[in-house]
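Can you keep this structure in mind? I'll have questions shortly.
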């Protein structure tokens, strides 16, 4: 895990005021700049579930398209779900789900853009999470053992804290 | 992964009709029974992040309480987020976050109950996911490398498909 | 327009009290019975738009699947959109969009079920409307002249007011 | 149907990427300009329903005011209902419902303004649709045969695609 | 303040578990019974504001109707606003706003009914609050000094805790 | 009650057009400026309730933290609750609840900032109201006689109508 950005990090959690009270951080002094965030994650599924998902993809009943759409719609509601997130006007949003046969899982990537005073990391992570939950929902009748994992930020740019690139 | 329930599983994904069209499954013939679901997951954090979270817990600025509340509130909106989920009247909902020092992660468990014709697995998994996302949001200024992982169903009971208990 | 049900109709609008004040009608004395509603409508599109929609259907970029999903999700929010609608637990919900080549339009049908004290006509009509709006949104860059039309109740059964079947 | 704008239209549906995957179109390169959209539609009602609606207007129980308000509130939620719509800050929004006695219908017009990178056609069309659905809801106890029709864009201006004026 | 009900009250706050963690109280063992709650409150306004409100009532621009509708719609979202409230199917909901000339205020009363395992006190109080906020919003351009006050429960019946009647 | 700003006030309610129809006021010609609003209010509670609240604060089960968070989250939804409010991107939001032992009440203050064409008075007042309702919800099992009162604007600055400061 290598961080590309070398800005000094705050020594305390900024979502609390000095009395320890949760607050929405004041971003009024921050300029509106273009910001991008990419997040990823996956859903590990049984081999038989993977077969059903892929059958739907090529023929009918496409789980992955439904989950991509759910991820997009979920990301638009990030500020309603995450208590201290700022409401934001998003300028681009895409969610991609791909079957990873070797590891028997569905790989998910979400990319979000905004022009605003705060970043869109939470929107990207929420898109991945909601897409993953939707895969679970649509396949749970055949596979309750699925696991959502490795949901994380891959990349972020724009804003005062600079660029973050997840190491490999 | 051992399944305790021995019901026959459907051979196709029930969220699609015979033409491959997504649909909300018809539950009108199912009786309203008491149903419980337990889900779990965790957020892996840097050692320094764990210190900040624990400092807030004992003193002020409690990340874990905020995330527990977000998980509860998020679970109530499951049917808005997950396209084919039925709206449900939930009868109990709790979310517990605990620091796991040895593995430097926050462990999350959600328990949901309803009396209705469908289960609450998705509500429990959504509660865990939203709580995990909230931990990420509140600590991201100090730690962008956090990872949400192992979000999964631990237990489910009630309903025709019987009891499911995740194996160890 | 022939009505199959022969119940006496109220002589005033029941959504207002005697002082003319809007209210959510009291349904507490009504028994919970199974209720079904079917609504329909269509979006008239240019010939070239129809070609693009059909190309997506057979290959990629399926407008109709997205709109079906939007209709389902929109129906779940009927009580938030329509001021005096009761919140309801829906037990089944499907939305079907079909290209009607002869009339160059997309035909939409929504079917909704509940077991409750009020009907689901509004949910079915909302599903059709949101699906139709979604078709418009996805094709508007190539065709701003599309028209949403003939959104209406086709069938309703269950409840004190009996069965309604739209005449031909 | 005459189009006043003479811009070249895209040859494919922009809401899908090259792999046919639904996406929220990237508007980050588009400047924020003032944009206006006007949409219209109507609800055809039985003569007796029209009498009840008009009685409420002059005296009490005003269906049209309730529907106008519902249209305004519904338009603010367009991006939640329509999967690929961008969330937008609206700067003006009005919905007008008028009884059209000759054709026994309620005529609806919605006008929406924003200063932003995308248009507000969907907001105007959603306002009309939700207002129309609300008329249906409030009169359905006396008239299940009402029909929502001719919901369409009348005018749009601002943005790269120029002005659109519906022909007569 | 006299309480009519003589049930023993809990000695601790039931919305927390024994570890002090917020939770949605388990109501799965409680039977679904009919429950009613009535709440009231008022908005104190300047004399000139009262004149404008009353002018709108008799002629046009009716603040009170808009606020009544907002109260009804707001009450349906109580469980989204109040973190530990259970989602409920409401069976009746009315909000009444009346000008009180002598005290230069708008008096508000909300009545809510449900058949369920928990009460609707919060729905009634939320209806009053949202209606009051709406009066403020609609008159704030002429009167920023308005005050919302005395928002309280007047009556509650149904459920294990019995009937509550506010003393005079 | 002294007003510090001396701007001329409108002689009619701006939320209605000349025909008395409710509308979202056109703010498209107003420049985006920084705006702040502060609102306050309180919940009067029984002495015993105050003891329980304070016990939770120092030890566990902190009503005030939950209510602060609910106020923040509620404020983000102001435009959904208040029919004619504009959706706004908020840049800062904090809610503070403090026990006032002498008067046996919980004092609430909310501060909201935006950079936009309209003010955030309604967001501040909504934050106070939702926080107050949450206190009621969490303590209602022990005290149904609590009263929400004196919810009002304390300060507002930015925008054409200038600064407002509530007199003492």
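Lettered A, B, C, D, E and F in written order, each chain numbered from 1.
By our rule, contacts are C-beta pairs under 8 Å (C-beta built on N, C-alpha and C of every residue); 3 or more make two chains touch, one makes a residue touch a chain.
Chain-to-protein mapping (UniProt): A, B, C, D, E, F = Cyclic pyranopterin monophosphate synthase.
No experiment lies behind these values; they were computed from the predicted model shown.
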item	value
Contact-graph separation of subunit D and subunit F, given in steps at minimum	1
Neighbouring chains shared between subunit C and subunit F, ordered by label	A, B, D, E
Copy pair subunit B, subunit E: interface residue numbering same or different (half cut)	different
Taking each chain's C-alpha mean as its centre, the one farthest from subunit E	A
From subunit B, the most remote chain by mean C-alpha position	D
Chain centre separation in whole Å, for subunit D relative to subunit C (CA means)	16
Mean-CA-position distance for subunit D and subunit A (Å)	32
Junction residues of subunit D - those touching two or more other chains	21-22, 62, 65-66, 69, 73, 77, 80, 83-84, 87-89
Those chain pairs that satisfy the touch definition	A-B, A-C, A-D, A-F, B-C, B-E, B-F, C-D, C-E, D-E, D-F, E-F
Residues on subunit A engaged by subunit B in the complex (per definition of touch)	1, 3, 9-16, 19-22, 41, 52-53, 56, 59-63, 66, 69-70, 73-74, 77, 80-85, 121-122, 125-126, 129-130, 132-134, 136-142, 144-153, 156, 161, 164, 166
Complex contact set, residues of subunit B against subunit F	62, 65-66, 69, 73
Parts of subunit D lying in touch with subunit F, wherever the complex brings them together	34, 65, 68-69, 72-73, 76-77, 87-96, 113-115
Interfacial residue positions of subunit D with respect to subunit A in the complex	17, 21-28, 79-80, 83-84, 86-89, 116-117
